[in-house]
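Should a chain be cited, it is by its letter among A, B, C and D, assigned in written order, with residues numbered from 1 in that chain.
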Amino acid sequence: MHSLVRVSADDFDVGAECDALRALSRRSGAIAQFVGVMRDSNQGDDVLTMELEHYPGMTERRISEIIERAAARWPILAATVIHRVGLLHPQDQIVFVGVSAGHRHDAFQACEFIMDFLKTEAPFWKKERTPSGERWVDARDTDQQALARWQTEKA
Amino acid sequence: MHSLVRVSADDFDVGAECDALRALSRRSGAIAQFVGVMRDSNQGDDVLTMELEHYPGMTERRISEIIERAAARWPILAATVIHRVGLLHPQDQIVFVGVSAGHRHDAFQACEFIMDFLKTEAPFWKKERTPSGERWVDARDTDQQALARWQTEKA
Amino acid sequence: MISVLFFAKYREQLGTAKICIESSELAAENLTVAELKAHLSQRGDLWATVLNAENTLCAVNQDIADSACFIREGDEVAFYPPVTGG
Amino acid sequence: MISVLFFAKYREQLGTAKICIESSELAAENLTVAELKAHLSQRGDLWATVLNAENTLCAVNQDIADSACFIREGDEVAFYPPVTGG
């Protein structure tokens, strides 16, 4: 299983990442991908910009560990996770999760699993700038609730 | 809801399709994508090339209708489906499904739903060339079984 | 006149992608898919086998149709095997 | 010496991203996360509030750690609020 984790201020090229996953294995029949995008509003307020902070070192370790857990659960061939940090604007790409597998359901499941655990375990924090000032984004209950599925649902 | 369906012999650029989906709505926070890739073997035999036939007109209509059903079930903002026809080689891209939504679970569900119904309802047929000759690919029971989930699982 | 299309394996087996049937050829003005199958099955064993295979699918004017669906003058009918795209 | 890192809202509230604690400052050679929290809480109400908040997370050497986890000389400890990436 090939795994790539990158945390960086740089933007990423979804096409290039998809091509790289595709090139890694001739047994790949399915590539599931997720791109998280910055919205221009949150909790009813306009969001002008966002600043993403992380815990260098630990972030990459946690993400690698989440990928390993996904690979233990579904027969996946490769996974790529890229997460941006620093200053972002509405409609900017924030995160990329790409998973290559022989069959599509495994690729979909592993991709969403990685994203759900990244949301709750990887040490990133968002600070929003709104017209009325700056604020740290609160963790959402729905992100915790999303994890329940992975305890009960059969792979 | 924006919807784009394209059936063509031309290859597609996943990055450009993702950018287009992202640009369509400032409310998009999540883009789930699937890329189907040609494997170099099937049922234990090497596959050298594949020829994809379709029913022009009906194919596009069926796919549009599948997208409409997904949009009625999950709050999605945009969906793109591209499917290639003609001669393909191992590791070539076959199909792209991209769905933009406010939240990730809706995007993932709608993307996998579209892909599952495309597999069983859109009139495409694959013919493989193996070292021992040409053969039409048989429909797989697992593709029919994949649909059961959408009858029972709550969105 | 109605057009009848065949795809993929059936196109190859029957050696044709499209046939046109004049209304005058047919017994009734509005016939069902089942009746069209019976009519075409007279062309030979191969036609009967392909058309009456349990998993043969049919579309009328590009919408999926069952055996009871009526076909009218000018319609486009298609017979094809289970789909395998994606 | 042990390093203690603070992130995001906590970094801003406490006005520091990192402090270093000499072993000589501490009562025991091997202390738990709970004991480190108690030690740092002596710095003032704001510190006590941040460190003892119900949802404050802790990592020791970049692994998630609970209150009973031991901290040793040279370790890197981090306190941070619930994560909000992705």
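In this section, a contact is a pair of C-beta atoms (placed from the backbone, for glycine too) under 8 Å apart; a residue touches a chain by one contact, two chains touch by 3 or more.
All values reported here derive from a predicted model rather than from experimental measurement.
With steps allowed only between chains in touch, the distance from chain A over to chain C comes to 2. The minimum number of touch steps linking chain B to chain C comes to 1. With centres set at the average Cα position, the gap from chain A to chain B is 22 Å. If you average the Cα atoms of chain A and of chain D, the two centres end up 27 Å apart.
Rounded to whole angstrom, the centroid-to-centroid distance between chain B and chain D, based on C-alpha atoms, equals 49 Å. Chain D has its Cα centroid 74 Å from the Cα centroid of chain C. Each of residues 36, 115 in chain A touches at least two other chains.
Touching of two or more other chains is recorded for no residue of chain C. Residue ranges of chain A in contact with chain D, taken from their complex: 36, 52-55, 57-58, 61, 83, 94-95, 115, 118-127, 136-140. The residues of chain B lying in touch with chain A in their complex are 13-16, 18-19, 22-23, 26-41, 90-91, 93, 100, 102, 104-105, 107-108, 111-112, 115, 146.
Listed in rising order, the residues of chain C touching chain B in the complex are 5, 7-9, 11, 55, 59, 62-64, 78, 80-86.
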